[in-house]
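As structure tokens, here come the structures.
Both complexes below contain chain A, partnered by chain B and then by chain C.
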Partner chain A sequence: MSAEALLAWARGPAFEVALVIFIAGMLLRLFEILSLGYKTDLSEARGSGVQGGLRTLFSRSLPRPSILAKEPLRIINSFVMHIGLLAMIFLFGPHVAVFESLLGFGWPNLPSGVIDALSAMTLITLVVALMLRLNNPVLRFLSTPGDYWAWLVTLLPVLTGYLAYNHLLLPYTLMLALHILSVELLLISAPFSKLTHMFSFALSRWYQGYKAGHRGIES
Partner chain B sequence: MAEEITLLESLRRRGVSRRGFLKFCTATASLMALPPALIPRVAAALEQAKRPSVIWLSFQECTGCTESLTRSHAPTVESLIFDHISLDYHHTLQAAAGDAAEHAREEAMKQHHGKYILVVDGSIPLAENGNYSTIAGISNLEMLKECAEGAAAIVSVGTCAAYGGLPMAKPNPTGAVGVSEIIKDKPIVNVPGCPPIPTVITGVLAHFLVFGSLPELDHLGRPKVFFGQNIHDRCYRRPFYERGQFAETFDDEGARKGWCLYKLGCKGPITYNACATNKWNEGTSWPVESGHGCIGCSEPGFWDFGGLYKALSVPTGNIGSTAVAAAALGVAAGAGLAAMNRSKKQAAAKAHETMTVTDLNKET
Partner chain C sequence: MSGASIEKGIEFIKEQIDASTASYFSSCVHCGLCAEACLFFNQTQDPRYIPINKVEPMRRIWEQEYTLWGRLKSALGLTQPVSEQDFADWEELVYDGCSLCGRCSLVCPVGNDISGMIRKIREGFAAAGHAPEGLIGATTRAIEIGSPMGVRLPAVKAQIGHVEDSIDLEIPLDKAGAEYMVLLSSMEIMNFPEYMEAVARIMHQAGKSWTISSKAFEATNSGIQIGVSDLARELVQRVVDAAEELGVKTVISPECGHAYTAIRWEGPNLIGRSYKFKVRHILEVLDEFRSQGLLKTQGLEEARLTYHDPCQIARKGGIVEHPRRLLDMVAKNFVEMPDAGAMNWCCSGGGGVSANERAEGLKLTAFKQKKAQLDAVKVDTLVTACANCRITLEEGLEHYEMDLPVVGLTEMIAEHLVDTSPETPAKENAQ
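Our next item is the complex of A and B:
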């Protein structure tokens, strides 16, 4: 198969299959979580659950000073990594074009050069994340193959995207095809790996915040 | 019919001076991206070069490639070359018709057996025994095989001859293919483009004249000298791409300011051709300069790349309805799962027996 044909396949049928698995799989997982339901809390509300939920949604996105002090490198690394990933996915011109085609509307993008720098940085944070995991005996012990898989399918799109943009290693056409395929791998794996947290984080934060809010705990 | 005279001799007979000849050699060398030091070698080689016999076959095509070729502006390299090769058979350009034309072809094939260059434009239809396109009752497939047999080399001019081109676009009713799908035992050069740049066509012929061999080819059979450059890498709009400044429509503020055409479907990043450096119409301009994205006309499959105006990163399928269907599927499956979990929970609750303190204190 030529690079051109591979690219056509990646942008065409392969993307559709990946998208179906991603959307259907994610909704299934969310329903699964939601269907667990709350246990009815019979206690008298001492605060607003809804407010607590909303608050935690944002407050938990910031590193907690106590944990930050304990393991600054890991926290900051993961923080930078997530920001890099989000910026790359949502603020790169060609990616915005993809969302525009999916959603029917777009938004402004960052200069491609900035995204390029961010992706180099994100690559470093991903490597650091792996090293931290491997160097810490407890973390290493707790790690499952799923953790490494999640790392790999996150790394591949960033790596191939970086190489494609900079015309490195392979011809651009082939690299772009590989980039799109690696994104599809990520989409397919997401509902069935710990990457589900890209959506479920909101549910769990809301849940914790809601409970705390209901009990009048400042979280 | 080609006489056995050298190119220099032929030029002299047409009143081209030595000076004019050297100018021509310089242009040829620069076209082939040769260093100036090699110009004397090019001159020496061209002086000795015999006018090669060329048989040009036009199959399933739109004549755009021939049109492109004849848009050469005298006295350029291409016009010189074409005045001085012996174009023994060319359907569109030759005066002869009918039987006389076919005889000319057969004559040339016989006389220059093993030495002539076969130029092909247009794809070859394979469906229905090749009946979709015939010349003098001979199918394209048959004629190609016949002419390829005695050819020294084959030049596939245009994306149709090189990779199937537009006739091959889905659903490809005629079963069109490119030359290299059929002929496997001859050196083939692909000079794709829809149409190809005229100087590139003649550059390949000039290379053959000067070096007696075909130029170095890339993985798609294209001469690297002309197709080694990526449009996007050579595009003068590239700084806008780097800055993330994209025209959103063909007449918006960005378009007027010359911003990058990526979002309007420019295929420059995956296209290899000489447009950005050579330009068209005697170096006047090229598509991206005129405000239209590159459609990737020198790449196999460009016709089925999901639309000329779809950005390269954008999926080509009908994504909107796919997403809706997937969402419906997910919700249904999720609801099913939720119902199952609930009934499990209820069953567990039902099966649950309350323990009492007495139970706990019981000695087993």
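Our next item is the complex of A and C:
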């Protein structure tokens, strides 16, 4: 198969299949969670559960100062990594064009040079994340094959995207095809790995925040 | 706690899994930050005490039973069902190595309520017969005798008699129609009768009617700590029946953290309905009296003192500012410990750890976290508002040869009450 044919396949049928698995898989995961139900709290409320839920949804994006002071590298690295990933996915011109073709509407993007720098930075944070996972006793203890798999399928699109954009290692067409295929691997893996947290984090923050809000406590 | 079996344990854990639990397990990214918040991990550096690891058997049950992916893996023989050995291995982590302090829940970036899950997994461990002897004993005594420490009504009456003699005030028993029904913890009855005395004097000064119930004087709920909802429900029901029979407006939880959690937050959910009365912690009541001008104090403590926030009252109960406002009334040299308030470190004896003799060594190791906090402020007096914290702190301080008196906040307030007895009217004594 030529690079052009591979790219056409990756962009066409392969992408559609991956997208369907991603969406159906995520909906299934969310259904699995929500269908278990959540009992109404009968205790006398001191505050608003809804307000607490909404607050925690956002507040947990910032670390507790005392924990940040203890683990600055782990927290800042993860923070930068998430910002880098989100910016790359949603604010890179060609990606916005893909979203536009899928959704029917687009949004402004960041200059390619900025995205390129963000990619390099994100690659570094991913390497640091792996180093921490391998060397920190807590992370090493907690790590499962799934954690390394999730790391790999996150790394590959960033790496291939960076190499393709900078015309490194392999011919551009082939590298672009590999980039798209790696994204598809990520999409297919997401509902079946800890990458589910890209959506479920909102539910978990909501549930804890709701309980805290009802009790009128910090969360 | 009869008929314990692994199957029952697994069944009980399955029953506890709801949408919140499923979202927590779905969201965990193994970042390990919960470890940094846990006093048991911090003081042992043993990775087994990483909070999220303590609920691993529950995660496996959730994955195998409630996810398509997990069921597929099970079908392919890729998963290990939770076994007797797992219950044996995790028992110590679930009970001895967690005080349900909830600090881990506050730092999780994805918002997982890990301590809430540990409370839930204990239901399965108790049902499987894997709960510590000390807690089983405490719970059995609570159900059969009415108190985890074996305190019976005659002992309460005797203490009431002693207190009445020493302060010349009536301690009303079973007074129908009183505004407040005061609950006590066994430790307050036996070790700290000054609490009862303090309440009597404060109620007298505030001019409030109150009572103790002979049917439900005990507030400690070991059913919550051991994780047996049936027993926890029975203990809550006793209080509810007594309060509704006497027709009181408000039930006051004593200076005891888990008692407050049990009666204020878990109780209505355990009995399946809301109460016909309010539940307030004694500090909430005192703070209300303060704001209404019903709490008149005189004189200030000279000692340099700090306040230990009990986890269930501050972090999980939202009573953070109340004790500080109250201390402001009576203390001149109040200093905050590092991490004070909602992020305070546990005394190391909460969640049934102090009732579990087997955990004694681990508890004292974990106490070093508190010691470090106290070493940083160099105070003369330590104030708190939980009888269990108080005992644990006293034991820890003694073990580490720290000479530091521990005082209950309610009794400290009572010591500064302006004398409003008929012989010396309040206005003459007020500052």
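Here is the rule we use: the second predicted complex is superposed on the first by the 219 of 219 C-alpha atoms of A that agree within 3 Å, B and C clash if a C-alpha of one lies under 4 Å from a C-alpha of the other, contacts with A are read in each partner's own complex, and residues count from 1 in each chain.
One rule holds for everything that comes next: a residue touches a chain if its C-beta (ideal position, glycine included) is under 8 Å from a C-beta of that chain, and two chains touch if they have at least 3 such contacts.
Small disclaimer: the values here were computed from a predicted structure and weren't measured.
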item	value
Partner chain(s) touched by A:Leu134 [first = chain B, second = chain C, both, neither]	neither
Partner chain in contact with A:Arg215 - chain B first, chain C second, else both or neither	second
Which of chain B and chain C A:Ser66 touches, first, second, both or neither	second
Which superposed partner A:Ser78 touches (first chain B, second chain C, both, neither)	second
Which superposed partner A:Phe15 touches (first chain B, second chain C, both, neither)	first
First, second, both or neither for A:Phe192, with chain B first and chain C second	second
Which superposed partner A:Glu32 touches (first chain B, second chain C, both, neither)	both
Partner chain(s) touched by A:Gly113 [first = chain B, second = chain C, both, neither]	first
Chain A residues contacted in one complex by chain B, in the other by chain C	28-29, 32, 34-36
Residue ranges of chain C in contact with chain A within the complex	17-24, 26-33, 35-37, 41, 45, 47-48, 50, 52-53, 66-69, 105-113, 116, 264-269, 272-275, 278-279, 315-318, 320, 338-339, 342-343
Contact set on chain A toward chain C in their complex	28-29, 32-39, 41-44, 46-47, 56, 60-61, 63-64, 66-67, 70-71, 74-75, 78, 136-139, 141-144, 147, 150, 191-192, 194, 196-197, 200-201, 203-209, 211, 215-219
List of chain B residues in touch with chain A within their complex	220, 230, 232-233, 241-244, 246, 262-263, 269-270, 299-301, 304-306, 310-317, 319-320, 322-323, 325-327, 329-331, 333-335, 337-339, 341-342
Contacting residues of chain A [partner chain B, same complex]	2, 4-5, 7-8, 11-13, 15-16, 19-32, 34-36, 92-95, 97-98, 100-102, 104, 109-115, 167, 172-173, 176, 180
